[in-house]
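Structure incoming, see below.
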Amino acid sequence: MNFASDNVSPLCPEILSALEHEAYGNAPAYGADETSRQLDAAFSELFDREVAVVPVATGTAANCISLSALVSPFGGIVCHHEAHINEDESTGVAFFTGGAKLMPVDGPAAKLEADNLDAFLASRVDRGVHSVAPECVAITQATELGTVYTADELAAIGAICKKRDLRFFMDGARFANAVAHLGCHPADITWKAGVDAISFGATKNGAQAVDAIVLFDTSLRGRVEQARKRSGHLYSKHRYLASQLLAYVKDDLWLRNARHANGAARTLCDMLVSHGATLAHAAEGNELFVKLAPELAQRMRDAGALFYPWPSLGADIYRFVTAWNTDIAQISELNDRITRN
Amino acid sequence: MNFASDNVSPLCPEILSALEHEAYGNAPAYGADETSRQLDAAFSELFDREVAVVPVATGTAANCISLSALVSPFGGIVCHHEAHINEDESTGVAFFTGGAKLMPVDGPAAKLEADNLDAFLASRVDRGVHSVAPECVAITQATELGTVYTADELAAIGAICKKRDLRFFMDGARFANAVAHLGCHPADITWKAGVDAISFGATKNGAQAVDAIVLFDTSLRGRVEQARKRSGHLYSKHRYLASQLLAYVKDDLWLRNARHANGAARTLCDMLVSHGATLAHAAEGNELFVKLAPELAQRMRDAGALFYPWPSLGADIYRFVTAWNTDIAQISELNDRITRN
Amino acid sequence: MNFASDNVSPLCPEILSALEHEAYGNAPAYGADETSRQLDAAFSELFDREVAVVPVATGTAANCISLSALVSPFGGIVCHHEAHINEDESTGVAFFTGGAKLMPVDGPAAKLEADNLDAFLASRVDRGVHSVAPECVAITQATELGTVYTADELAAIGAICKKRDLRFFMDGARFANAVAHLGCHPADITWKAGVDAISFGATKNGAQAVDAIVLFDTSLRGRVEQARKRSGHLYSKHRYLASQLLAYVKDDLWLRNARHANGAARTLCDMLVSHGATLAHAAEGNELFVKLAPELAQRMRDAGALFYPWPSLGADIYRFVTAWNTDIAQISELNDRITRN
Amino acid sequence: MNFASDNVSPLCPEILSALEHEAYGNAPAYGADETSRQLDAAFSELFDREVAVVPVATGTAANCISLSALVSPFGGIVCHHEAHINEDESTGVAFFTGGAKLMPVDGPAAKLEADNLDAFLASRVDRGVHSVAPECVAITQATELGTVYTADELAAIGAICKKRDLRFFMDGARFANAVAHLGCHPADITWKAGVDAISFGATKNGAQAVDAIVLFDTSLRGRVEQARKRSGHLYSKHRYLASQLLAYVKDDLWLRNARHANGAARTLCDMLVSHGATLAHAAEGNELFVKLAPELAQRMRDAGALFYPWPSLGADIYRFVTAWNTDIAQISELNDRITRN
């Protein structure tokens, strides 16, 4: 009963199959193989427009390499305080960009609000070379606190970026969970909202290790590929990244996995609420942030559940994360155990 | 009949098995899992002394992250002109080290010679802050041209490093091929020769994608782990790196694979020589550099063999690379075809 | 009547004299000259302990080079939001340190408070490689808002740094103004409080262009000198930096200049208050932040005074800066003009 | 009798005067003053076309900041082995460019030859992301070995840059000596030959500390100014850089100083040759590289002359450097002394 993270889940059977499929013959290295060459087409179809796809093995790499192509070494990247790039990627952004600065702002439940964002940006205009000028807005979809931007919210942020001539980047480590929640087309919350590039996550949602940099501005490809190479993120046996991604988007596997995880989160949420837990804020993806009485938290632990306290949201707040492989029956079992105790 | 590179080979069955073994249950992320926690012990046994192991997915990452812990941003890394870090890793070394400079020197068949090295180092002493002072010597074992340093040659280089207070790094992308060739203990050509750290390659020799940074100076671990994280090379599902490595060193798989590749290279070499080819220099691992008459080269191509010209070694010089999965029968078949033609 | 900045002032006569003194003969380059070789002794006497002095031409260079020797590329530098290194040095800190992150915190009138600082640091402990760990606390003395840390306040911060094994850096662009205000010995508010290094400002207080990196931890000298060279801050005609600094500390010129500027600020402050202005916070150095009624602000401008609005402190707040050459008679004249108007 | 370097000379009277002229009044900071605002016009007149001028205090800063605007972090800068950027600027180029690599080539007397350069460039074409692609050619005029490129030689290199879509940069630390030698218009050997940017040296030739980045491609100004700021090279009292430069180009001071230094070098050369010295190669600027019999070298030293051996050019080779203030009478005196001895 591991709700500590979606990173604890294994790769899913479809992706294992895809790797097994690449286990027998030789193939050209560095992306010249047949499997790798299908990526652009597969993602262009998924997003309903031409895109360029550059796969890497980790979300930090996908985020930081993308940002390095979007901003100068002198620029600022506006993001939420809770953003993974701000809180969980060490000094990766400065490293990859050659010095660009994260400019964190606040907003409820890890979401940037268009009005506040615009006011912040207005306050940073025309300050000259001494000051860092914002060059990019980076948001996470779904957010680090399990909330999801609506298409309208994203369009509003995209409009601000356009007005102020800023790039718009999306950390999509849990993009699948967001699309599953919204029931929208992937295009609606990306390029149609003005997003230039997304790190399209697969690792947390069933892959072994792959996130795709998807460039809606395909002119960025050359620079992204250079940054990937020199940072050691170009696989020689590139087909092992590509095959994971192709399996991931084939027959909507990515959405099926995400729907399962989201559904498990709702089931877990309902169960916890029935025991008196309260939500810290809306749970829209596969992450719950809930307030548990100490006694309930202890019963959960005694019953074998793994989960983390989340003190930055307040005392007695805990995070639960579900995944593509969360066993719904286990949630029933957990309910039985804490009811009995 | 693909002799273009060892990167064209797939992962080997034992490593696929290991990945399959990690396909079903949950496990802690970021290296806290049981599989990952076996790495240090497994490699300490292999090297017959305590080591620290930090796995990453690519050789460029393993080399550059290692070097970033061995030199300052102001330092020089002395290597052979042909070194992978000098010729094939873009500006990765400067990126990871914060500016350190590669100082290429010459030597026969991609090997540094102790005397020349010492003379070069002597010429760079006491130049003050204007000049870049060497801080590390980096060699490749087996070299990029398929030659292998003997234990004595390495000990001589190690002694120079010690005398001059320099770090000693080994790019071991084909370390297995070198050990297989020398028939020595891995310790003899690493820490016993004064090597501080090695990138212990597995990808070219049967893995999907993993090279291990093996630190003989275990005090480097903290800094290497920080550099790995911020460059996006820390896998969340870390067990998929660890399981490859454990399978790779279990029951001498790494040596068996390398012996096969080296043997295939010898067989191919003998066959080519029987057709009039001449070796550009000794072929000691799984790479051959041979001179082929244009007519013979054409017959080889016509017979379906894939291989690259290597113009930096001269006209009519070609490289052939074998791998763990090279089919010896195919070499016979190739011989038949070019004989018939 | 230029109160826009202390950077608008020219060099002072004593420093011009010193430059003229170096105008006629040859002398060794890069700091090997007699003038440069007096620096360590002069500053060791001034600080009453052995120090190492590395002069550079700008405050940004002094700050960033110092920090590059105090933190790793993975570390955090805790500072006030208003800190010059955070607000006015572009992405310099990340550039020089190879990626280290500024971690701004709040506090009244641009000063860090020991308790809040300690609480912030406590919240960043033991977060592992994902998170940036603070490695240094950087404060500005006098602060960017014209306030001055007392010796006790600094000792409290120094004790926290020691407890938590952090470096302690002081941006002393207006250090002279702080010492002049406190009437203390320079040692009391630097190394005796645990400061490892200070950028000892001279440019704003009468020099042409020189700030000294003064290292209380003299073991940092080598790294600082390497960083200075490779960033282009090592003067070939080094004596022109050294001669400015020697003149600056000779016969307490630095304190005399600062006392004049501080006194001018008090005179200006009294005058403004007599016209109904109110202080935004205590004015302890050569900077005033005052609230002016719009009508008074306009009368000041009409009278020929130059000064900036400071909207980050609120509506109708303005900054006035005095310098070593501020003419007290002009303040009287200004008073006459705005009284008449 | 100091022939060790032109850096040992003091500032010249005209430049001291200019600094004195800026010693009394206030003026806007950071380049908004009247003196600084004259720079573009003064240099546009000097070069007979519109240029953008960004002054910094050192040659290393001028070179590295310029290059940072001309190449990407993934690119190569082709230069001569002897180039100051390769031999004497620590790891500055990699630091400022974010990793770009110096690609040294050979050529007689520190000069690149067009044919060899083109052949080298041809060998680096189409190598993909693994390899560093040249993005800029950087030459030094006059060279580090005291030779001077002719206008035709530069035009040939410029044509190669244009053909291959590379930037063309000139390190002009001793540009004045080159122009004085050639007797040409400054335009002939810069933008008319395809040069994009030059570091226009003044420090070695009479200034206190200033070299101007002169951009013939004025679109680079914004990026250069950002790089200058964040590297700490933007003077607050900017007029002290500008006033030096204006005095330097006024009434051909720069050429008069250089003609004097070149003339002194010729006089010294003739004197040395008369004593049996031989030139290592042509002496075209203010630097001589001569072979001296050990006995003559000793007599020179005994007579009080300061000069350096230059072992990279061979045994018994010495460098002599003259400057704007070299006293011709001292050369006679030196001759007398070594003749008498």
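Observations on the model:
When the chains are written out, they are named A, B, C and D in that same order, and each has its own residue count from 1.
Going forward, a residue touches a chain if its C-beta (ideal position, glycine included) is under 8 Å from a C-beta of that chain, and two chains touch if they have at least 3 such contacts.
These numbers come from a predicted model, not from an experiment.
Counting C-beta pairs in contact across C-D and across A-C gives the higher total for C-D. When chain centres are set by their Cα atoms, the one at the greatest distance from chain D is A. Chain A and chain D have centres, each the mean of its CA atoms, that are 51 Å apart. Rounded to whole angstrom, the centroid-to-centroid distance between chain C and chain D, based on C-alpha atoms, equals 34 Å.
In this assembly, the C-alpha centroid of chain A lies 42 Å from the C-alpha centroid of chain C. Across the assembly, chain B contributes 73-74, 89-91, 95, 98-99, 129-130, 226, 229-230, 234 as residues in contact with two or more other chains.
Here chain C touches chain D in the complex through residues 2, 4-5, 7-11, 13, 16, 19-20, 22-30, 56-65, 89-92, 95-96, 203-204, 208-209, 226, 229-237, 240, 325, going by the rule given at the top. On the chain B side of its complex with chain C, the touching residues are 72-74, 98-99, 129-130, 223, 225-230, 234.
Looking at the complex, you find that chain C touches chain A at residues 73-75, 87-91, 94-95, 98-102, 129-132.
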